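Labels run A, B and C following the written order; every chain starts at residue 1.
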């Protein structure tokens, strides 16, 4: 009797130990497999390996929104990594394309995807393609045309297309979160008339900054605001120099003379903490931090690159 | 040998299950329908056929595994057929193992039928059949074995309906757990621990998913294959041992 | 273990179940002590719900005792070797109904490692024994209740067991079917097997059993040889029929008897025991009446049973 009891206990112990052993073995194999597939790349690969939206859609058995949500979560994880190689953005676009095919009314995916593709990836082409896809299924969304307007204005310098999109956004009825912000209509009309004015650009950028919560985009916008305000200051200084020359018949010897001639209340501070350098021979003003001008906003449309130096 | 007798009897019992034939019929229908769909698609129809074929085999295999698996043990208990077997000199774990093997044989026969269907379609449509297709199919079958073990585990202590719900839940979480783990990196520590516990104790079924590799012609090395096979079999063994321990303690009322 | 011929033994076997959502404890069996010996037919009796099936399930290893112990062939229950010497027919058995009689027995034969010609021969013998040779290729779903019971017994005998445990083998059968099962049990006894069966039909037990145990609501109330239980438990009454008694004698008779029934000139008197027979006979002689008949009534398990139920009921009610 007692012999059997002991052997029964031993049997229990043995089966329990085997259980722990098997779990441990499967855990370590799982871990090993994970190591072999090298974390981050695997994540992106997964995005790349997503089946086409048209195929995925029926497979989701009606759970389109849930599927899109989960895929979106996955995309967000990849975006969080910051270090994304350029070619990865094709996969990102693919994933966003799948998400928006699975759930064509996922406005946030278009909007945020559009921002990421344009601002982080510098792939305005993909950003516009995604956003344009979202226009038809979401006629009541102002965000998508607004974003397209911004892309055309900011990245492509196509002010008339930008104005068209802004006008489209402005036509959506409703108070702000449902409808567009109040300034949209004004922006649209100003873009039509004086698209290349840095003042208009700044107004546009400030408006964008106001309604964007995403830190990455805000930072990007703030950079651009600084850059455009530098351009605005440079243009303003040059305008005043021209006016000085008109009235006095000669260019000022230094920028301070503009102040003493009461053309300026003071020299504006350079947004990057540098100085404004004035060449009295040519009448041109330069920044000590940026030796290039922003092409789009220079009245003569000179071929300057639009890069930031920071 | 006793395990084999029970397995063969279980296989015969499964063959009488009408559900099995319905699911098999739909699976073959879906695989076959890819021929029609490939005519109306643009571009890469190879991909569509493989997508649809592998997905059908996977999905219907899982449905069979779950809906036949949950009744495997609970039906024997409910119908009291287990009484005469347990009173024979057969340890309960042998009974459980026999039932499991019986369903695995059933699943194997089903998968073979579906695979033959797919191969015929691939042949007819001139889609190249790579070794990767077979690796993917092997891992699909491994996934079915793990799912069956999950269903058997649940059916040792709950009703068929509850087992179905639990097994479906494990199936879904098993495919999402990798993602959950990634998502949890942005959460607080407690949530991370919970998610990690789920991730490491539930099966990671995404490991058995090579469908993407097949479509995109990505290689899956033999070492990875062997490790994945070992992982799946070890996990299934773990589940079956757990099921045996639960089953051993159970009163058949 | 003390008796070398003890086949089945329990000591203080007890089982409580948890029922309902809150896990309320319900005692199904309260301290059972049984001792079944080699070669006997042992009846395990009690009304429905008394705990008979619970006990048998524990002995067969289907459920685990809450406390107490039980041995089969001197080994603790659950032991695989003792299970090999055992045959079991569950209550209203459910079998794989898609199998034919032959396949059904083959399956159970395989579980014991029987194969091929030996198994075929064994199955032929068993089908012959239970009178089911004609149903060899018939699916179990087409079997009648009696046929299922018989093929179930064949299944229990596939390993030529030393002990056969039958749970309610006669319930749900028609009189002919019951007679067949009774004959089968007696034949098994003749071939030297020990038989332990449960029943709520006392008549069957009386005809078959060497010894019985009676349980009521999980408690054992009697155990022993059928004849002993009846003798000690039930005082034997006597029925006397008398013709031509006067009213005076009738009045005296009423004091002695349990019941007096007057039918025309005849009187039926039921005496509580044999002791009163002498004085009744004297009374008849004194009154010059005629003794028509005198029948000693044999006690039955039924009487014992009913009396036990009556005795135990108040106490059991308190316990509950």
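Criterion: a contact is a pair of C-beta atoms (placed from the backbone, for glycine too) under 8 Å apart; a residue touches a chain by one contact, two chains touch by 3 or more.
Since we're looking at a predicted model, the values are computed, not measured.
Taking the mean of all protein Cα atoms as the centre, the chain whose own Cα mean lies nearest is B.
Centroid analysis (C-alpha atoms only) places A farthest from chain C. Separating the CA-averaged centres of chain B and chain C is a span of 49 Å. Averaging Cα coordinates per chain places chain A and chain C 87 Å apart. If you average the CA atoms of chain A and of chain B, the two centres end up 43 Å from each other.
Shown for chain C are the residues in touch with two or more other chains, of which there are none. On chain A, the positions that touch chain B within their shared complex are 15-16, 18-19, 22-23, 25-27, 29-30, 32-33, 36, 43, 45-46, 48-51, 55, 59, 70, 73-74, 77, 80.
Within the complex, the chain B residues that touch chain A are 48, 51-52, 55, 176, 179, 182-183, 185-186, 200-201, 204, 207, 211-213, 215-216, 218, 223-224, 227-228, 230-231, 234-235, 237-238, 241-242, 244-245. Chain contact summary for the complex, chain B toward chain C: residues 1-2, 5-6, 9, 12-13, 16, 79-91, 249, 251-253. Put simply, chain C touches chain B in their complex at residues 17, 57, 60-64, 80-81, 83-84, 86, 88-90, 93-96, 98-99, 107-108, 110-113, 152, 155-156, 159, 165.
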